[in-house]
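Letters are used for the chains, namely A, B, C and D, taken in the order the chains are written, and counting of residues starts over at 1 for each.
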Amino acid sequence: MEILKFSEEHLAFEKRLEAFIDFEVIPNIQKWEKDKIVPKSVWRQLGENGFLCPNLPKKYGGTGGDFLHSVLVAKQLARSNFNGLATFIHSDIVVPYIEAYGTEKQLNKYLPGCVTGDIITAVGMTEPDSGSDLASMNTTAVEDGDSFVINGTKTFISNGVNCDLVVLAAINPEGDNPHKAVSLFLVEDGTKGFTKGKPLEKMGWKSQDTAELFFSDCRIPKENLLGSQGNGFKMLMAKLQQERLICSVSAMYFCENMLKWTVEYLKNKGALNSQVARFALSEMGTEITVGNVYMEKLVEEHMKKESIIVETSMGKYFTTDLVKRISLRCLELIGDFGSLEECPVARTFRDSRITSIFAGTNEIMKEIIAKFSYS
Amino acid sequence: MEILKFSEEHLAFEKRLEAFIDFEVIPNIQKWEKDKIVPKSVWRQLGENGFLCPNLPKKYGGTGGDFLHSVLVAKQLARSNFNGLATFIHSDIVVPYIEAYGTEKQLNKYLPGCVTGDIITAVGMTEPDSGSDLASMNTTAVEDGDSFVINGTKTFISNGVNCDLVVLAAINPEGDNPHKAVSLFLVEDGTKGFTKGKPLEKMGWKSQDTAELFFSDCRIPKENLLGSQGNGFKMLMAKLQQERLICSVSAMYFCENMLKWTVEYLKNKGALNSQVARFALSEMGTEITVGNVYMEKLVEEHMKKESIIVETSMGKYFTTDLVKRISLRCLELIGDFGSLEECPVARTFRDSRITSIFAGTNEIMKEIIAKFSYS
Amino acid sequence: MELNLTRSQKEIQKAATTFAKGEFDKDLALNLDKKGRFPEEIWKKAAELGLVGIHIDGDKELSLVDSVIVAQSLCAVDSGIGSSILSTTSGAELLFMDGDENFRSKYLVPLLTGDKVCSFAYLESEKNLQSTNTRAYLQDGVVTLSGSKLYVVNAEIADYFIILCLISLKEEPSENLSLIVVDKNTDGINIRPLGEKLGFRMNPVANVDFSEAKIPAANILTFNCESKLKKYLAIDHILKASVAIGIAKGAFLRALEYTKLRKQFGTAIAGFQVTKHKIADMDTQIQTANLLTFQAAQNIENGNYDDLPSAQALLTASKAAVYVCDEAVQLMGGYGYMAEYDVERFYRDAKALEITYPSCSALKDIIANKVIGKIK
Amino acid sequence: MELNLTRSQKEIQKAATTFAKGEFDKDLALNLDKKGRFPEEIWKKAAELGLVGIHIDGDKELSLVDSVIVAQSLCAVDSGIGSSILSTTSGAELLFMDGDENFRSKYLVPLLTGDKVCSFAYLESEKNLQSTNTRAYLQDGVVTLSGSKLYVVNAEIADYFIILCLISLKEEPSENLSLIVVDKNTDGINIRPLGEKLGFRMNPVANVDFSEAKIPAANILTFNCESKLKKYLAIDHILKASVAIGIAKGAFLRALEYTKLRKQFGTAIAGFQVTKHKIADMDTQIQTANLLTFQAAQNIENGNYDDLPSAQALLTASKAAVYVCDEAVQLMGGYGYMAEYDVERFYRDAKALEITYPSCSALKDIIANKVIGKIK
């Protein structure tokens, strides 16, 4: 029932990645989760091996792969049952903003580092008082001579501690229409007036450094404007399809892993003779199989550059809701052992709970679907 | 997000069928529902137009179409929101047994009539005391000279009143292994000892003539054995993939129709300003879109002659459960008007409730999925 | 869950069940459902036994728990006949709460004796009761009423209507949401039947138009009825919840019996783990809805008309009824789909109850408004 | 839903809530959860106030409703600290039901005064209690015990265990499912901690092995304990249900407050229809579980130890807790996922409660067996 066709090259890429994960990632997960961060050196290792930004063109140091490489990265990282190395935020969400809207100078300055892992990126969009409601943004960027001066606070920023470069959304306080007053800026780590908070304590994604970013009279050169002024809203929207799609891809692979692990666990315990367990597995297996076909179809359409905003929003909602429900249900089948952190599904449960909240909550997805389909 | 590709010829076929349904079917539905049967003349009209057994080869009078024609028939019949003309039972479930296992003589004798609608077929499998458990069958077929003598009762037989030919499963009472003692027989209407009950009163499918069939010393010639003796179980199993698949196809088109009707109704009532309604529609729309992609993928694989027993069982469970839930939920959104038979969704609700029971209950589907996947 | 019924409550339960089992003929029920006919004879017998409007029969206090028990008992035996009997007093509590002796003797008592059927016409929009546009003005001792009411249950068989309408007095612009009793034979009433129903088919439903209908002023039951109406709705929710629970119990007991007798692969279906867990869920939902409903009824008997418990009881009970009936159909397989085995009819009745006013959405609005309170 | 609490019950509710609000420091709770430490000081204070084992404190009757109230009140303020306090008396009802004055003074009273922690070690298979293989034989006034117990909560902090085991007498082959009290410092006990937990992290859990541990015969609490055990489980289910309801309430109130304050697109989230309906569903589930639990507790106070109501209460309450906490996280968006906002911790605790023994599956087995009865 596969839709996606992986080439020999893809499979070789995956095999290398698989080995990397087995030897360089999995043995360190527990430590990184305790540390609440993944060392930057791992990013550089990933970069050296071509696992970051796998579809950037060669002229920027990339390998010139396609989106299927990103799918394989999501698959293999899901297999590690760990979200500390959520490189898709960098490779598939943030860097594409730079690639799409950057000037040649910006592209040459930043992209090679994004590929090697010397530059870890983050996107600064969410604020303490504005989640999905971008128009109520309070971070301001004011023109002053040949600079922009930025003030404000961003929160829930993934890669917030490790990041070397932030794609920051800020509003022109003098703009009339808030939707047309948002611009994007490239802010480098170390810029005066830009400070980072400590990693936030979360239910899951323990080693993913989610933090607050503070901007206090942070002055950046005008050339660090990304794309055209006042166009931030549109640019952010334009890239949401891929952002939400990669969330769906990841969610489906996490689903598969959980189910597989649970089946093995129950088999080893001799618990598959329970009809209730068998039915639960069949029900979950059905939802996952159906969801996988849908996810693969989305990827196929996305790679054909189809505009599938509604279908992707559906996918984001369906798959992230599914991964949560699968985690809840697998834990129920597993029973007491599921209440220990030793059980991998316990971590998946904690980690997956954010996926129906981030990258646009599922409530926002439903409003989008309704807006385009039922109004 | 389509997977299936329909040719010009397919679309022309659909257009003709659409007109037929609009003019010959829809105006008569209420009467047929009251009569609890569809007149045989309609079957002949369907046959004349090439809408029955659309994928039988030309040498048996068919049009030599493919399974996509069956998909289109299911789609258009679903559009009529009515199951009295469930021709898929004839075209896609019963006739394929004859086509696959019949002798050349049987093929030539029966298939042309199946195409023209002069022969309406039914399959006699279920008994009052054996639903999904075929091994506990009580209808017997005993060899006697050049005949088989059949005794027993079948129930819940679709087309049970209209049928001219029954593919009947019966057991050799002297067989040791009940699984190897079942054979299939072709029993013509009018054979002495074969009588039909009245149409059963049901929750839905009001004009579909579901009835009991009685066999009392019913003697048929030996040449009416279908396929090889004792092989009935295997033959029945072999054709289940298509049977369950066509159920899924039909279910998904019913889902689409219901949602479409409900959206229009709410729009006309000005009820789409309700956020709860919008979210409900978005949730249903998501499930239907996801289910559709899956259903189309199943059809594609089936047409490539892939063995997709598990995936089809998943589809049968997923889609028939979905069509029920969509009907329940649409009625909730519709409110009071949904409590009147005038509301088309009221009928879809009544009709769709059987689909998770017939052609193998969803409980059986889950056991099949578990057996192949989790044991 | 043991509910601690009093001795008298247990007797009522027994009487209602015995009556229903004795009188609710299965074939008759199938036929009435099919034809959409009201079970007139059985209703009259139920009234003779005192089972109609039992909570308002007798003295000045509402014995609502008694009616909860009767509704559940009758509907468990047959959802259609049971709910039909209960429907004949729709709105009667408004007469009880507010009516003087005149209303009592002329309109209320004949309901209890099985001589008259009352129909409460209140709905003009499916969403809420706030959009009443049926208007009346009072002049020279006569009320002139015009407007339309939707989905009026029993309109065709009722002897009189209780109408929710806006009444204005002569030369006074303000309008008051009020209740008036209108005899069926009043001129200017047009009943437009709504045809066949999905569920509760023994109770025909119609839209009713009033076109300058003239009614004596003495028939004004309540002038400014908002608070009475709210109390009435709390009662009505509990009675509807009781019907839902009765339906659920009836379907559950039929399915339970079936699963204990029916064998598959050599084992009674009730012996399969999945069946057992379904039965556990079904029973739990019924007991839960039951407890909520008794508690809500008890509250009202104690004079607390808070509309939160009754809304939660009805929401829970109607969801439970649909769930339980749906599972009952599935457990009984092909038989569950056949009219002869009853549960498909219980299922349709449960679904009809759930989707007709007050919808789950309306109930959730009531609950949320109460729980959330004011937002700063 | 108004529960008609007595004056004394209301006072207990108030005392427990006041205590919890005063003592359950938020940062402390976050820290204890993170480090997996038991809140020893707060527990001792709770005991001083008489809040530990309140249902067995005092005279000879179980005032189970009091403990239901305390559990809910403490856990609503903090699920981790609240449930930790309650966990210290795990199994104490067995001492109460069966213990003579010796057990009472030596083992039971120190629990109530906050001087000792008890740990009930019963599980050997996750599925049921029927597979006890821990064996002991009694000879010359000494019991020798060997076997392993799984998932023993508080094993590391407990002062003694109550052990479910098979005891055989000298030269008599039959084995009797029995209870014995074993001091922690007895030789032959090996505690193997199970590491970090998903929820209820303040209560460490371990497997415990007994290898020819020698215990005085006087420590045999109950010989042939089947029926006592069943009674105990009914009580335990109700207490767990109360913890679940407290967790649900705590998460609900936090989310409710958040939705009333937090604005999106210019409107408080609580003003959105979808939010309102969620809040209605959440409240309904809490009230429902609450009512079932009070009813079940009341049953037991009345001496009726039927295990059906308590199983239905726990099944409903633990499902409600997971549902409510999950929705609370979603309503609070990113904040819901942050430790600082509590609800993610409540959610983990709710989930842990739901999946640990007795699982929903085990509860459904209890319910179904009772409801279905014998199959012909």
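Quick note on the criterion: a residue touches a chain if its C-beta (ideal position, glycine included) is under 8 Å from a C-beta of that chain, and two chains touch if they have at least 3 such contacts.
Note that the structure is predicted; figures quoted are calculated from it, not measured.
**Q** Weigh A-D against A-C on C-beta contact pairs and write down the one with more.
**A** So, comparing the two chain pairs, more contacts are at A-D.
**Q** Quick one: which chain's Cα centre is the longest way from chain D's?
**A** B
**Q** Please tell me the distance, in whole Å, between the geometric centres of chain C and chain D computed from their C-alpha atoms.
**A** That gives a centre separation of 41 Å.
**Q** Suppose each chain is reduced to the average of its Cα coordinates; what separation in Å results between chain B and chain D?
**A** The mean C-alpha positions of chain B and chain D differ by 52 Å.
**Q** Chain D: which residues touch two or more other chains?
**A** 274, 277, 361
**Q** Residues of chain A that touch two or more other chains: which are they?
**A** In chain A, the residues touching two or more other chains are 274, 276, 279, 363.
**Q** Under the definition above, what is the set of chain B residues touching chain C in their complex?
**A** Against chain C, chain B makes touches at 126, 129, 131-133, 135-136, 155-156, 200-204, 274, 276, 324, 328, 331-332, 334-343, 346, 349-350, 353-354, 356-358, 361-363.
**Q** Residue numbers of chain D touching chain A in their complex, please.
**A** Touch list, chain D to chain A: 30, 34, 123, 126, 150-151, 194-200, 205, 263-266, 274, 322, 326, 329-330, 333-334, 336-340, 344-345, 347-348, 351-352, 354-357, 359-361.
**Q** Spell out the residues on chain D that touch chain B in their complex, using ranges where they run on.
**A** 272-274, 277
**Q** Which of the residues in chain D come into contact with chain C in the complex?
**A** Against chain C, chain D makes touches at 1-2, 256, 259-261, 268, 270-271, 276-277, 279-281, 283-284, 287-288, 291-292, 295-296, 299, 304, 306, 308-309, 312, 315-316, 361, 363-365, 367-369, 371-372, 375-376.
**Q** In their shared complex, at which residues does chain A touch chain C?
**A** Spelled out, the residues of chain A in touch with chain C are 274-276, 279.
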